[in-house]
Structures are given as C-alpha cells and as structure tokens.
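Quick notes on the structure that follows.
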C-alpha cells in the first residue's frame, strides 16, 4: 500500500510532463512512452559509464531531455500546431516509432536493469525498499520544482500566458514559439526523469515506456488537462489504488479497473475530477 | 395576421452572465423581422436559443403550432426553421453543390440524394451561384460563403429563415444583390428573421424591428418608430450629451 | 514633426479574402487618433496588420521612423507598439497581477515594471483590490480596465485600443473615456477604434473614417463630427 | 448507382486478382503475403469510415478485430459452430458492442474521443486477460480436428483465404456505397463541421453511433477468419495497440477519406514492411523508416497519396473515390 503510494508519485511525475504539453499546446504527446523508455536507458548507460550516484545522474538526464524536447518540437510539432488534432497525434507517433526503432536496434527488446540498491527502511514490522523511497522523494522534489517554476518565475508565467491565450501573449512581446518549444522540452524532461527513476525500481525493456504512457493518460485525464499539480496528486492516487487492490485480487485485474475508470471519467467529467472544483 | 414564431420570456444564462433576459416577441407569417442592437447585446445567442443550439433557461418558443423549446437543431430545421451563421460555417472540403445538397437532404422535405441534388441545383441558380457549383466551398470569397450559407438554408425548404448578419463584410454591389435576394425569398413565401448591423439595409427591408440591448428587449416596432426612439439612438450612437459633458470637463 | 506611427498603403486580409485595400494612416506623437467605420470596414484588421498579427501583403509600416513592416507581433510589442485587443484577450487562469506582469514582459517594459504597476493601480484602484483573483472572475468593465492596464504596463510608444466600450454599460464607458482623456493629457500617443462615434469624435484630435477597407474621410475630429456623411454611414438616416 | 462507378469495377478486378494470382500454381507463400495485405485493407478501409468520413480518430480500432477473433475461435472450437456462421455471429456481436460503447464515448469530441478509444482497447484487453473461458493470458488454441470438416487443413486454409478476400471486397464496396449515399453525405458534413451539420438537419448523434458500429462489423468478421487460420489467439496478439496505429499510418499514407486511398495505403505499407523485413541491412530499422515516412506524410502531404493526386489534378476528385 505504502509502496503503491511511492510508485504513484513516479506516475505523477510522468503524467505531469504529458499534462503540461497537452495543456499548453493542445498536443497529445505520443512520444511520451518512448521518452520514458529513453530515460530508463539513459540511466542504464550513465550508471554503467560513470560510476555516479543514480540520483545525481538525474540532472544530466533532465538537461539532455530538455534539449531533446526542443529539437523534437522544431522537427515534428511546430508545423502541426493549430492544424487538426490528428496531425499532431500522428507526427508525435511518428517520432515515437523512430525512437523505439532506434532503441530496438541498439538494445533489442530484452530486459535490462540498473543494479543499485539503497538500504531499506524498517518501521515496525514494515520494510520499505530504499529505492522506492528515494524515487518518490526525487519525484516529489521535481514535481514541486516544476509547480514553483510555473507559478512563481517569469518564464513559467510566460508559459501559462501562452497556454491561456497565445495571440495575446504575442501582443505582450512574448515569442510564443520559443515558449512552446521550451514547454515541450520541459514536458519531455519530466518524462525522461520519471523513466530514469522507474529504472531504479523495476527491470525494463525499450517497450516498457508504453505501459507508463498509458498510465500517464489515465492520470492526466483523472486530474483534468493542463493541471500539472493535479496530475501529481492523481498519480499518487493511482499508485495507492494499485497498492490497495493487490491484496484482494490478482494484479492482472488492475488495468481493467484503471481503464474502465479512465473511460468513465472521460465521458462523465471531461474536465477531470478536480476540474469542477477549480472551475 | 397569424404568428409563425412566438417567443415568450426566453432567457439564456452562461455561468454568471445573463446573455438573454426575458425576451418576448412574435413574428408573423410572411414578414421580415429585423433584430438589431449593439455588439454583445445577445442577438446571436437569441438565434441560437430559437433554433435549439442552446437550451433556453425558461420561457417558451412556439413555432408553426409546435413547442420547439429544447428541441435539438436537427429537429428544428426539419420542422421548417433554417438559419445561417454570422461566422460562416462552410463544409470546406466539400463542393458548393454538396454543401447545398446537405441542406436539401436533411431539411424539411428530407429528400433522397438525387432529388436533393436537383433541389441544390435549383437553389444555386436562384442565389446566382450556379457557375460555382463544383468548386470546393473553401475556395469561395467571403461574399460567396455568405451566399452559400443562404443557399444551404433555403435548400431545406424552410417556412422561416434566420439570417445572421448576411451583409457584414460585403461590398456595396454584393450588398445590393443580397438585399434583392432576401426580398425575393420573402416574396416566395418564406418568412425572414434577420440580425443586421447595416442600418440602411435593415431599415429598408424589415416590416418590423426588435431592438436588443444587454440581453433585454429595448424596443419593438416599425422601422421609423424604432429609428426615432431616443433609447435606441443612445444604444447605437451613444448619447450626444455624454460626449459634450466629457469635453466640458477640461 | 514626423509621425510616430506611419502606415503606408497597407493591403492585407485573411486567407484569400482581402480586407484592406491600401490604407494609409499617420499618428502624431501625443495625439489621440480615432478610427471609425461600419462593421466589417476593416478597423480591427488595420490595427492587427499594424501590429503584425496579420501579415501585410503590400505596403510599409514605420514606428518612430524605423521600418518595422516585416517584424512579428512580439518583436513590435518589444519596441513599444501596443495593442489592447478587441474582446480583451486576457489570460484567464492568471491572476490580475500576473496579467499585469505579463504586460511588463519585454526587456523595455521590465525596467519600469514596479513603477508602472503602481501607476496602473492608481488609475484603476479596483484592480488593486482584486489583484490576487483570477482574471476570468472579473466583470466586463473590470476586464476592460485590466486589458488597458496591461497595455500601459507595456510602456507604450503608441497605445492602440480596439473597441474600448464594446459590451459595456454607458456608465462604465464614460469612466473609461475619462481615463483615456487623462492618459492623453499625460502625453501618451493613442489610437482608438470605437463604435461609439459621438464619444470618439468628441474626445479625439484626428479621425479616420474607414469603409470597405479604404480611408474615405480623414481630418480634425471637430470637422469630421460636422459631416453629414458620417452620420449617414452609421445610422442610415 | 454504384454500378456506374469506375471504382466499383476496380474493386472487383482487384479482388479477382487476389483470388487468381495465388491459385495459379497453388502458390502458398504468395497467398500468405496477400492475406496480410487483404487484412490491412479491411482494417484501414473500415477505419476510414471513422477517421476519413466522420473525422473521429479511433485509436482502438483493432479491438474489433481481436474481439471478432476471440468470438469466432470460441464458437468454432468450443461450440463447434460452422466457420462462416461463427464469423458472422462475431461480426454481429461486436457491432452491437460497438454500438453500446459508441453511445457512451461518441459524446466526446476530438482528442478526448481518441483517448477514450485507447481506454476501450486497453480495458477490453485487460478484461480478456482475466477471462477464464477464453484462456486468460495464454489464449485459446484450436485442435486440428476443427479443420477436418473442411476436408483437411489445406483446403480449409484456401477456403479461409477466399473468405478473407470476400470480406476485403465487401469492405471496399461498403466504403464506396457509404461514400455515395445520403448517409455518407451526412458523415462528411459531420467531419467538416459537426455543429453546422446539426443545424443543417443531420442527426449527428445517431449517425456517429451507426458508423462506429458499422466500422466494427467487417473487421470482426475478418478477425474471426484470420484467427481461425492461425489456429490460436492470445490477448497480446489480438489487441496489439501498435497494429491499431499502423492502420492509421496506412490510411494517412494513401489518403484518408477516399476508398482507393485506404486500399492503396494498406498495400504500400505492407509492401514496404515486407521489403524492409527481408532486407538484412534495413530490417533493424523498419520502425524508424516507417516512422520517418509517416512524419514526412503528415508534415508535407497531409492528404496522403490520393490527396496529392487531387491537388495535381483537381478533376481526379470526381473519378478516383
């Protein structure tokens, strides 16, 4: 149960990236899963090459993710913004295929893992895995940092302004394309960071990102679009839910519950469960 | 005269904003009724409530002997109430003829495809667009798109036609042609309810005029009466005295 | 004196539809210039083309003597060409104060952001009371105040305002016009597009009347106000 | 009249070629290649009814195929039904299910709808993984006994092939028939502008639900036939998300909204894939190249191949459908 909560914060972090991009530029980023997978392998490669501490290695990964996101924005996103939704869905899916294709060629589809274990923490009769705790803490820090960035800093406010009203932002002297590319970069960096954290928890393959992409969709929809902090909360809730049901039924039922919930919430509350409260 | 459309105490609220507030009026068989008022007065919202795009918050709408309040737009058009849009809504990647065929297919007569094509051809001739039937709708000029809106609505063989600013954005020649068209539509037995900003045109065309301001009915009557109404002048031109007061304060 | 904003034979439009057919305007420093005309005459398009939100097809635009025709809207905003757009276009999820901060986004405006914020709050005390609220919760009048305040935060060289009184009650309209008058008194160059012709003519120095994307009449506002043509163009009487 | 459309005869010629070519010399490898193309055409042309005709992006289209396969295999194996009857029953059952789902999720528009279709696909997959009668995650196998009533496996596979070609022909004819009907006109109006269509009298809710249900029928039949041919099914093969997306890629490649485009795109994509898979140097990069191709199409030719032809030759619009 507590483990569910810890893993949930990583889901939340992943979903924040998706939610940010969706909210700001109205693009459903189908490269999300591939980016998460890249994050996993990024951690694997860095951990193998430099004998650094995994949580320090997060920083260069985030930097690379930011850069990669900006590049992908200019290659595949910039041209389809404002065109029908299908176009941006397909262009991001195309990038997804390219990344997965290259990844498969390099790493095949066999499982990898990052061999790293922190000492666990025992409270009473309960033992928490050290990696879980550290990943949750890292995810929380990153999530709160993103939230602070968006709410308190000038560039963060500019992102929100562009998301609110792109044309008006231009009138204020804000270059909306620059802002969009940066927002996309941040979204990708979040995906990569969450992938890197997942890599310290479970074994993974180049295709593992897909599962987390789907979970991110669920979380984003539960939280309502474009609400990054809501996504974090919803992610934790999802993790809790997973942790709570496992004692009672086989883990294989979880996706059924999740996706049924997903569809029902979409149809019943298109603005997310928290949407009503905020509006 | 027989009322074709009877609107009673209709309101429409968006969140906290009362866009249309307790508006009542009637439209008689065979007349052209004008609807004027400043921007944001709720004219288009009123249209949307009448033809079922928005559900009214209270009040009743009676059309041709049926209560149509709360009926969805496709039902309303099949009962004989068609409309055009202020911001043109062409079906862009379809030909002009197909656009109009949609109107005939799903309109009051609910025609089959072939019969609808023929009606579309006739209507396009009537509005003077016969030569452009095979063009894609997106390639039309703004005047062409406005005309297409009218043609589509006409193809539905309506008893009442709602025209939302069909003259806006047209040049004087196009305006003259459109006015002629509206007259001919009325003469063919279709009643018309039109929103229009171009005062000269609406004053000339309309049998009666309803004035809306801040969602409420400000005045109703024959064009001359309405034009002399000081409240209407203020809503449209602004009170000349306010202007003087402003400059005096120097 | 050279005009601070000069528009030379501008043609533009949307897609394939041409709206402006060769508009020329000159805006003198410190003056209030109005643009009036019927719906669809091209007033808003003129401002949007000057700003760069709509690309000019032909013609040239000069700001403070420098050619800025091809610059994007955000680049022009960075040089002090400011548009308070029709329909306010606020940032609905940002607070009132954050909206104003966005006005001070450009490097030019940022230097005096603090002082400008004080000035805007002085001008519109209502905004100060509500500065923590989301802008979407404001009333129509307050939203227009915020839009104007945001424009002032931009340190305008020329302040262009599109439809100041649109959808506002007469009392609020008067209030905003008074504010406008005091701004002109402070030496701010203003271009105003307005449907309330009487007010616009009474308050402004110079007037352009547009019809069908062309300038049909121009002159000192006092003289234009006397012309019957203007009345006819508006009421059809 | 559909008989006067050149495309109609083109479909018949294409189907005849599919029947004749492998028959000559009993060419089994060619048959196996062509059956994949036929399935691709079935999927993309039925998907086209949603994406191309109605403007609703269905990311979970493969769910119809997979469910059809499960129902078909279950009925033939566990219940001993005749294949043709079982396939039709699968089609009817899946269409009915689609109608139920559709009434719910078609209230959503644009991206929300697209997401919901992913949700439906994943939920159905998750359900099947836990569904005992269908063998949970291991799936179902068919005993070779089942082929006996067809005169042995060889004959059964050939017969199955012809049935798939029949479904392909029907899919294309259905696409064409809808395109030139009043129903199709209503759908195109919805695609261009749903609100305007409604104001013009189109009952958008009913139209969308019907087309969603119709687009499920033939893929489900095809699924029943194909998994009968394979003799086994499991939830990962049956509901593979990437297959669903590949259908969209095919459609974009050929040109969405056109009958020929859907077929052409499917053919091109399958050809490209087999080419890449057999080339030793490129096989690792199959996904990369397909993705690159898709990106190029989306960025530079959003109308696909047929859209590109339309732009070059506006008159082609009336001839190539």
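Think of it as A, B, C and D in the order they're written, each chain with its own count starting at 1.
In this section, a contact is a pair of C-beta atoms (placed from the backbone, for glycine too) under 8 Å apart; a residue touches a chain by one contact, two chains touch by 3 or more.
The structure displayed is predicted, hence computed values, not measured ones.
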Centroid-based (C-alpha) most distant chain relative to subunit C: D
Rounded Å distance between subunit B and subunit D, as computed from the means of their C-alpha atoms: 44
Inter-centroid spacing, subunit B versus subunit A (mean Cα positions, whole Å): 49
Where subunit C and subunit D are represented by their mean Cα positions, the distance between them in whole Å: 55
Touch-based graph of the chains, sorted into line, ring, star, complete or other: ring
Chain-chain contacts as defined at top: A-C, A-D, B-C, B-D
Partner subunit A, residues of subunit C touching it in the complex: 51, 53, 72-75, 77-78, 82-83, 85, 89-94, 98, 101-103, 105-106, 108-109, 150, 154
Residue ranges of subunit B touching subunit D (in the complex, touch as defined): 51, 53, 72-74, 77-78, 83, 85, 89-94, 98, 101-103, 105-107, 110, 112-113, 116, 152, 156
Subunit C-touching residues of subunit B, taken from the complex the two chains share: 38-40, 139, 141-142, 165, 168-172, 197-201, 203, 214, 227, 233-234, 236-240, 242-244, 246-247, 249
Residues of subunit A touching subunit C in the complex: 154, 157-158, 160-161, 163-165, 167-176
Complex contact set, residues of subunit C against subunit B: 16-17, 38-40, 163, 166-167, 169-170, 173-174, 177-178, 181, 195-199, 201-203, 212, 234-237
